[in-house]
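Next, two complexes with chain A in common: one pairs it with chain B, the other with chain C.
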Partner chain A sequence: MTSHVTRPDARFATSVSQVTIAALVMAIALYFLSSVISTSMIQEMLGLRRQIDARVPTFLIRICCLLVAIAAAFYAVTGLSMYKRNKLAWAPWLFLAVGLGFFIVYVIAPIFQSISYSFTRWNGLYDINGDWTGEWVGLQNYRVLFDDPNFYTSLKNNVLWLVLFMLAVPIGLFLALFLNQVVTGIRIYKSLFFFPFVISQVVVGLIFAWAYNPEFGLLSEIWSWFFCETKENIMGNLTRVCSVEPPSILGDEDSATYGIIAAGLWPQIAYCMILYLTGLNNVSSDQIEAGQLDGAKGWKMLWHVVLPQLKPATFIAIVVTVIGALRSFDMIATMTQGGPYGSSNVLAYYMYDQAVGEGVGRYGYGSAIATVLFLIMLVYISYFLLRMYQDEKEGS
Partner chain B sequence: MSSRFTKLALGAAIGSLFSGGVLASDLVITFDDLNPDKKAAYEAAVEAFKAANPDINVTANNGDREAHKGTIRNALQNDAPDVITWYPGNRMGPFVDAGLFADISDLWASDPNLSTNFEAIKPTMSRDGKQWGVPYSYYQWGVYYRKDIYDKLGLTEPATWDELLSNCDALKEAGVTPFTIGTKFLWTAAGVFDYLNLRTNGYDVHNDLTAGKIKYTDDRIRNTFANWETMLDRCTFVSTHATMSWQDAISPFANGDAAMYVMGNFSVGQYKEAGLTDDQIDFFQFPEITPGLPRAEEAPADAFFIPANATNMENAKKFLAFVATPEVQGDWNKAIGQLPPNAAAEINTDDKFIVEGMETLSTAAGLAQFYDRDAPAAMAKAGMEGFQRFMLDPSTLDEVLEGLDKVQAEVYK
Partner chain C sequence: MFPKPIKTRSRAAQLTYKIALPVALLLWLLPLLAIFMTSIRPASDIAVGNVFGIPSSFQMLQNYGEVFAKTDALRYLLNTLLIAVPTMLLSVALACLTGYALAIYKFRWALPLFFLFVAGNFVPFQILMLPVVDISVRMEIINTVPGLVMFHAAFQTGFCTLFMRNFMKGLPFELIESARLEGVGELQIFWHLVLPLVKPAIAALCVLIFTFIWNDFFWATVLIQEDSNLPITVGVRTLNGEFVQQWHLVSAASLLAAVPPVFMFFIMQKHFIAGLTLGATKG
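And then the complex of A and B:
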């Protein structure tokens, strides 16, 4: 009786495993093929004159081999009887597999790689045989780092960015409240206020750098109305003579960072404003009316009735502002390159500067800076993850 | 589509079993200057090489100079051309040490032109007693000044430190800022430092400093900074230099608000573009500071190298030997307004800056490459930031020098 029932099952299993094995073999073979194919092979195959022309076809062929290999691997896995028995448990992981694979290769692995480089002295080069040219130095990079005034300057600037960038949230709220009214053409005003957020960070950086320029910038023009006069110089050309020199905002170690933060705030305020404007749309008019009946006005209304309803908008505004403050890299790169003499660096830019920038090539040291930055971010990230996790738990 | 590529790939795999290697007569060159005159001179040289070697398929690539500094790492390790441009001196050090540049000492020894006409620059191209590249151009540094302002105030080219300082006094009296400079990108400050150190302490001490053998807090280097402080005090630099690039700094010079500029000869074209004529500008060597010291000069060179991964080594050497010939060196540098490293090459005698530059360099007791090429990149970066800081606030000197000692101890291990 029992043998009679199991027999078709067993036959089924063998036929599946044959296909599965074939698919697996194909996947592995294609994977190896994709790594074996070289530009010189393709150049010869296609009869190309120069090796450099074979780069694109080679890349395409390699990618296609890899994709087919992945597809075959999928087919093989779905053919496994183990999979068939636990479809529900396996399916999500199967769908996630490609994404997870890339995430591990391009995000998780580099984190550990970079932490391991931080214990070495390395100029970023492999020798002719592809061998790594660095050497293990233990904690030396960290010892140097904690004795490096530039590191503390960068760290201080990171904190300044985080704190001052938060101004975008209340200013954005104020603007949103101001613009949340019904006037002819209000949409035009709203879009004008939103405009800075649409401009690329690099352009914002350039505009502000020009405005700050003590020779020809907007600020120095205004300055010269008060403190300067135009005179003829020795060669008979017109020149500006000032009783008090115009401030060199980006050229002074005390003001450079503030100058860049102000430039960064401009688009960030617009962003917060738009978040609050959408939030204000959803404020329930019943509660406002109820508040009015109870005699709430002005600040009291704002604080006790409107703001609590804007809580989700505030949360998002704070999150994007923190992220914005940590993404200050573009602004610094366009406006000062960390100067003068490193006084407007933040950790991210200092790391780039030491490892990759201008061929400095202190990859080990740069990795040590990256590791410290990572640890700092980890505190912030785990706080938010924890909070989101708790919210979800409460919600369910 | 993927199956077609798979077939192709399989075909390729099989094909490669039967034949190997690449076409014998290719040459891929990677150059790094898109400025119109530089680009044209490079292309002209490549055309001349093609005409002389019709059997070689030349691929001439060209790219942005700053971007090249980043991409060369990848190019040398993965995707090497046959010839590539880079800087000699310490800047080639990391690539030589990692074995990524091919040793071409045999070419230097066997080619009579290379072995006889490049005596002055040979040490710069050498590391570990071997030669690694062939220079195609270099240029002088010095002080470019407004001759018309000097004439108006009855001043003459200073030969000594005291003369320079008294010229500065006269210029300030007349309401002219003596020196212009733009230190936003740092390296311009290194030009001033190099000259002050070469004139205060001489070539050997300067070399020892950039080679990491002398500390920055050494008394001799402190003397250099003391002279620099005098210069900052009496020969003021334009006050907003930290926000200006070297090109921005030309505008006060062109307007007559500033009278002198410590710069390289590549800047002459820009002065003329700003409206100055040959009669208005002139050049003098940075004046003597310590009397009797042999005069050394800055002369950064640009050179061609062969990556160790190059596919067509023989063609690459042929190209390097070709670029070194007096004819090519002469034509190339006439076109870009610089000096040929080949002593037998002709120069453009109509250009007074080139004539004066040739004289300056050919009589120099030693040639420095420039601070950011003589010192390793990590040291140079910290050093130049220190120079900028010192220029903005001389009272930070001790802090700057002690900081540089720390970096030095770390970088030269």
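And then the complex of A and C:
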């Protein structure tokens, strides 16, 4: 017969005034956001009439409204009895809300949107009523894609990138071993060796495009030490005569991709090197000494004692190299733009070219290419997540 | 230590190593050095084939001055700064919150959501490209600096969350437990207890994100077409088209684009490397 009445604990009671005021503020902010603020209104308020870009101030005002609404919503929630009773269950969601929402809108949802675009024919435009102008075509884009020779060239080049880019891992290890010494100034050497990674890929691309230039690039200069001599012609000017003409690496269909990959390796090796240098720092000296007692030296020591301890560094190095290889875009855009005749295209660049390059505007087709690229990447992402999951299980 | 310290080897080996070091560095940075030499020589040198020798006259100031005078390089640099700094602040701030939620609270969704951030971070850009353009068009911020910042901040939140969450997992959890028992609110724990402890992570992330965004090219080409809003990476590519065969100017502009991240790297080296190598040592 225990029918006790649970008296509401004052600590857990909903503070009505707090919730009401916060909800009101939120409603007003959302109302402003949804219907009052428009680009034309802000433009009129600024009185600038087309002279200045009204989009930016409009956007900033909208963001402020949104922030006020979010803050008010949080304040309202913290006033609720539900929240007060079970803080530990609610709090993480409040901390997550903005970041997660933002990430879902800009990163997660677009993945599915892109996949759905790939079943349509669309040029990215809306008609005057704001309605979508595309049409549903089912698997048509994929059927065209699998008959497209350019797609296979790009795919082949992607595989080339993946395979050759992996060279960055052993070369990075080798460089790290070379630099893992204690001599004066070694720190500066290490950071100078890391230099190429800090520079933008566009700049690296430009540097190498210049270096490869057959007329006055670095490579042709070195070439001429072996194959050319400078002669004075009839006019008295100095000209260069070569027994074998220097190769035009980026102008040749067969070598363009290799030239770009070599350029891409430069910063990637630096990255792998720094990963291994940090790893080598943490190699336990006990195990090395134990190995020495067992008579391990040089390569044997590296293979059996040091490399197993560098496993985490190797894993990260492989992951970033795979991602770097599949993301290669900047260098192709600066060095060859996929040419000559599409021979140095990769999926990433081909997709861009089809969707927005040169006014093609094939959104559906571009999305189909992007989906294929995504599926390739998904293999690696799944593997990486699986590894992380196993680590988490072991850790807890 | 591996390999064997050079000090324990013969004098000859030590000497060889000390000579090999600068030679290797010279070879490694040869392309950079060559482009620097090109950027300080007059155009006439390149025309007569003096590409790698000593310049006939040193024109550093003239060449770099010409880049600023003839082009919008200054405008591009400013735009990049306006893109990189707000992105950095926004994504690091958001990641402090999300990382805290995923590291400190034990709820069923913590691991799946963490993996969502990690997975999103590795996705190829092209699968996001068209929908992001579409969102920006509808929000009327395509072709503007804030439009680019919005995307970058959202995308970088993924990487920053990965980093922050792992860093916060390493904090002593008993500290937070005891604060809770004392009745300290969740927000207070975050602000007064956890944030001061993750300052090194914040610094590392700031340097990294700044450099990543400074060097971004793809999203800038996709989301910005208006010349006055372009960042320097795209600007340099455009200049490359304008200065046909004027390699001394192209190289000067390229180096200009590379200076700020390099400078940032040198002053914040420790944080930069700590950020990049996170996870490479544990496990």
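Criterion: the second predicted complex is superposed on the first by the 327 of 396 C-alpha atoms of A that agree within 3 Å, B and C clash if a C-alpha of one lies under 4 Å from a C-alpha of the other, contacts with A are read in each partner's own complex, and residues count from 1 in each chain.
Basically, contacts are C-beta pairs under 8 Å (C-beta built on N, C-alpha and C of every residue); 3 or more make two chains touch, one makes a residue touch a chain.
Values in this document were obtained by computation on a predicted structure and should not be read as measured data.
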Worksheet item: Now for A:Thr153: first (chain B), second (chain C), both, or neither, which partner does it touch?
Response: neither
Practice prompt. Check whether A:Gln337 is in contact with chain B, with chain C, with both or with neither, and answer first, second, both or neither.
Written response: first
Worksheet item: Of the partners chain B and chain C, which touch A:Val202 in the superposed model: first, second, both, neither?
Response: second
Worksheet entry | Which of chain B and chain C A:Trp266 touches, first, second, both or neither | second
Item to complete: Answer with first, second, both or neither: which of chain B and chain C does A:Gly124 touch in the superposed model?
Response: both
Worksheet item: Does the superposition put A:Val356 against chain B (first), chain C (second), both, or neither?
Response: both
Fill in: Greater chain A contact set [chain C / chain B]
C
Item to complete: Answer with first, second, both or neither: which of chain B and chain C does A:Thr257 touch in the superposed model?
Response: neither
Worksheet entry | chain B versus chain C as contact partner of A:Thr321, first or second or both or neither | neither
Practice prompt. Answer with first, second, both or neither: which of chain B and chain C does A:Thr20 touch in the superposed model?
Written response: neither
Response to the item:
Both partners, chain B and chain C, contact chain A at residues 60, 124, 356
Worksheet item: Inside the complex, what are the residues of chain B that reach chain A?
Response: 1-3, 5-6, 8-13, 15-16, 19, 21-23, 26, 28, 57, 59, 69-70, 73, 77, 91, 94-95, 97-100, 146, 148-149, 152-153, 174-176, 183-186, 239-244, 248, 251, 255-257, 308-309, 311, 377-378, 381, 385-386, 388-389, 392, 403, 406, 410-411, 413
Response to the item:
Within the complex, chain C is touched by chain A residues 39, 53, 55-56, 58-60, 63, 87-89, 91-93, 95-96, 98-100, 102-103, 105-111, 113-115, 117, 124, 177-178, 180-183, 189, 191-196, 198-203, 206-208, 210-211, 216-218, 221, 230, 238, 240, 266, 271, 274-275, 278-283, 285, 288, 301-302, 305-306, 311-313, 315-317, 323, 326-327, 329-330, 333-334, 347-348, 351-352, 355-356, 363, 366-367, 369-371, 373-374, 377, 380-381, 384-385, 388-389, 391-392
Response to the item:
In their shared complex, chain B is touched by residues of chain A numbered 30, 33-34, 36-38, 40-46, 49-52, 57, 60-62, 64-65, 67-68, 121, 123-128, 130, 133, 144, 147-149, 212-215, 233-237, 239, 245, 248, 250-253, 337, 339-342, 353-354, 356-362
Fill in: Parts of chain C lying in touch with chain A, wherever the complex brings them together
1-3, 5-7, 17-18, 21, 24-25, 28-32, 34-35, 38, 46, 48-49, 51-52, 94-95, 97-98, 100-102, 104-105, 107, 110-111, 113, 115-120, 122-135, 139-141, 144-147, 150-151, 153-155, 157-158, 161, 186, 190, 211, 214-215, 217-218, 221-222, 233-234, 236-237, 240, 247, 250-251, 254-255, 257-258, 261-262, 264-266, 269, 273, 276-277, 279-283
